[in-house]
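Below are two complexes that have chain A in common, paired first with chain B and then with chain C.
And now, the complex of A and B:
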């Protein structure tokens, strides 16, 4: 009897305690739940639906006809080639410029704070607006032609954006992309550089590193994680390059995203979904490639 | 060869508002182990950074090996440095960390391998050459940082509190090891620390710094026994030197010091004048405590008794000045007891009560 009484007296607090402990361990998941539900409903589910669109007819039959039709389309190879050309030219240049700009800001020259503000202005400009800015420069009666004419360098206006001048059209798109998207890479680079403890840079100086050796052997390796993030971000976004191209080239330069847009405009959502699938696959492939190629070894992680 | 000569160096911070170094002059002999000792903010690290070329003084010259390096960048000064944080590069393994300086000089591969292995052997880290810093303990990282300096065979090795990030037990071990090592390599070394025990145990000489100035440069024994100022005596030693304020009196025609209402007969130098205020300094281990009164002993009331294993540390009150006294561990004493203190007369030091500067013991200053 007495032992029973003791047990029953002790047990309620015991269960309370275990409930509290269980609640505590579940708390992170409970707190994550709302955003997880949000992402599922508004991102994951629409994405899955969109991808299903590319391989299923409205009647519910699984098919590859949309993909086949996309591949046979006259613009498909052009769109693929243009997208890759823009990525291959613009992304490396963005990194070269971003790293150079980041190092310049980090060099603590006079007014380097001012540079930072100027160089981040494009971040606040929408894609389409950026495209229109450069359209005003490159169009037949744009700033570039009028400057060239008034200075007498080129008496006759040149059609920079004509589909007949593919080289200059591509150049214009790349320049606009550089102007628009270098700053985000630079911001990431600057953030990475600022995280390098000063001791490492001083150690490099003491042990005889010249300016270039310091950049090459200490600063760049130490911002590798930041560069990796920026590279993945930029490449994925470059696969979706759209508004700048539309503004500057209209239909003269098809890219993957603009083709998806055009299919959608033709009320062919299945065709649009097929292009979206292609963009997704390329994005996943390059992300995987970057993660492998730029992997920070386990040993280096715990600094 | 590796001599460092610092001449009248001034360094300002905050656009000239704060003088971190005030007219510092110091010569470190070739192959000497010089310790810069002082509390935080005294300018010892700034002085080290000026020698390294990481800071440039506003006035004064710095010579290394007879060459004026005042305006030279760190890499052309023939120095190597061990940083307080070690600054071992996380993206390089131990081998490449040690090799860093040689790689910057584009030395041939075989020379790099030979010298890195030699330095790693000296620091006993040969087994870790392939590892990355994140896989090393604090003590091992510290060795990598030292090896990276030694491998350069520098004219001058600079060390900025290299042991301060280690835990107490490891620090004791690393201290002895570092001392052995630096005796072996015989490089001119400037070693910054705030730990007076480190300074006493390692340095050939110690430069004690206080708010931007060097107050005393001498061998550890001298700095300990004959502190140049009140500050040095109070900073060095565990416990620090005892100071008692007294006044010079003439008692029955003989000179004496009164501390509170205590009269201590002392043979004072002739230039001390009656009525002059003095500070009498004596270390805890130079006071002999007894339970028996005697004519040459000063009575004191015991406040605290601290057994420290090998000895007792007493806090006792003479007049109204608390002082520390070291006795045998079996000395029979309880708090509030009155004990009698005999001061070892040749260990008593006299300081100017105004300036805190020690009077040179040109003449005998015995306590009778």
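And now, the complex of A and C:
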């Protein structure tokens, strides 16, 4: 009461003050507004448009023809299978390697700063460049065949990237993806591990925990939340795999995003949007499934 | 508080841990072997990351006929700028490089101009809808950004933005904006609110207090967020390819040459190295800040 009186005594006239107060309460909204408008125009509305494009003709007739044509397309099942195979193989491996690498960094080796630098180099490398790097290794006259020949292990060159050798082509794409994206997950792991209070690890030691017990029972549970978010984000990004595949396989390995690119190149925006819709649906489904699985496992943990 | 606990712990630790530590520090055979295995693993992983970069580098700096030679030597006989020059002088490469830099700069300016105020608002004010807005921003990450480019291309033709640097920069801004908002918000949370209020009691108005006090303190973090946007833009391939026809960015040009024309191997290798080179330098200089920054950005 007294402080209020003092404030009003010191403040400028009442009208000014109410304006200032109103401005103050409106300020956060004013600051948010540009970002809201920008995201509406360049993010939210285009997402809706992608949906509309896939089910409506340019003349405004609602139709399922684009979706039907997509499903009947010879490459559709291949694109779906390839995308899923890349995700199912590459994403778990990324996490296994990233956790191992993060623990290695935490093991306080000499030169661990140097190791960390080497291992984070791919952070800023694009998927296109990663594909081209591994192209130099896996192409017919590439370094892998060269080494295999000069060492006499395999005198006849093998076409690792030929569509006839699906297994090795898939392997090449997965290796390039691992090379590029493991670093990102590792950074999350290392950042999480460094946040674990030393007391926890010391306490584990005092109670006689072995190295593995410390990792399983203290470190991994502590970084679990950030790993869960990373898992969702990596999977969503993997559904959009594109340039790595183009660089290594060209057209011999269709994936969902490259089919969208091809439809667009054929001036068929609606067909491209149909593929975009598939990517969108799988991404949202993945997020939903993960969140649900995580929630139930957390409830079990709580019990 | 923490000093206190430390002080309380030290005598205990000295008394009890000393004998343990003395025993633990004695290198047993098993410990040495484990240590060696850990080093072997770390070196193997390092080779997995470094050897491919070495190989693309020697490919990019060997004469063009060496690229088609077989079998290749792992140590090149001759080095030459021939292949790199072939790429550098290929049609569109130089202007694409300029475009890439311009788009990156535009995207980082837009994302800061639009994102930082929002981040500041989320950090400093308690208002109705604050948590929902934060949630909304987080939710955008569940949406695949690849699919934005197709409807955007359709819109851009109407808005006269198709095949312009502005258009690509807007798309990259949209991709970077959610991250920029969240990161700048956590940066401003880290800048003490009391300092700003102190400046205001000393006669600054709100804007002055922000510009003179909060902004300088937040600058390193804001720079990191800006660089993140630039790297995202420099590397982004799909949208840049879809949204341009002749005004390509570098990755868009390289991708289109590969996918649509079947560019020759020297072009691909030199292009690959050219795209990677900046990231080597960048990571080298940023390596100290990487954990904090990427830990933030990808969280």
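The rule we apply is simple: the second predicted complex is superposed on the first by the 267 of 303 C-alpha atoms of A that agree within 3 Å, B and C clash if a C-alpha of one lies under 4 Å from a C-alpha of the other, contacts with A are read in each partner's own complex, and residues count from 1 in each chain.
Methods note: a residue touches a chain if its C-beta (ideal position, glycine included) is under 8 Å from a C-beta of that chain, and two chains touch if they have at least 3 such contacts.
Predicted model, so just to flag it, every value in this text is computed and none were measured.
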Touch count on chain A, higher of chain B and chain C = C
Is A:222 in contact with chain B, with chain C, with both, or with neither (first, second, both, neither)?
-> first
State whether A:207 touches chain B only (first), chain C only (second), both chains, or neither.
-> first
Check whether A:167 is in contact with chain B, with chain C, with both or with neither, and answer first, second, both or neither.
-> neither
Kindly classify A:122 by the partners it touches after superposition: chain B alone (first), chain C alone (second), both, or neither?
-> second
Dual-contact residues of chain A, meaning touching chain B and chain C, are none
Over in the complex, which chain A residues touch chain C? Could you list them?
-> 25, 27-29, 31-32, 34-36, 38-39, 42-43, 45-47, 49-50, 53, 97, 100-101, 104, 107, 109, 112-113, 115-129, 131-137, 139, 141-143, 145-147, 149-150, 157, 179, 183-184, 187-188, 190-192, 194, 226, 229-230, 232-233, 236-237, 239-240, 242-243, 246-247, 250-251, 257, 260-261, 264-265, 269, 272-273, 276-277, 279-280, 283-284, 287
Per the touch rule above, chain A residues touching chain B in the complex are 197, 199-200, 202-210, 213, 217-218, 221-222, 224, 297, 299-303
In their complex, what parts of chain B are in touch with chain A?
-> 52-54, 73-75, 79-81, 83-85, 87, 89-93, 100-101, 103-105, 131-135, 148, 152
For chain C, which residues are in contact with chain A within the complex?
-> 38-39, 41-42, 45-46, 48-50, 52-53, 55-56, 59, 67-74, 110, 113-115, 117-118, 120-122, 124-125, 127, 130, 133, 140-148, 150-155, 170-171, 173-174, 177-178, 181, 231, 234-238, 241-242, 251, 254-255, 258-260, 262, 265, 268-269, 271-272, 275-276, 278-280, 282-284, 287, 290-292, 294-295, 298-299
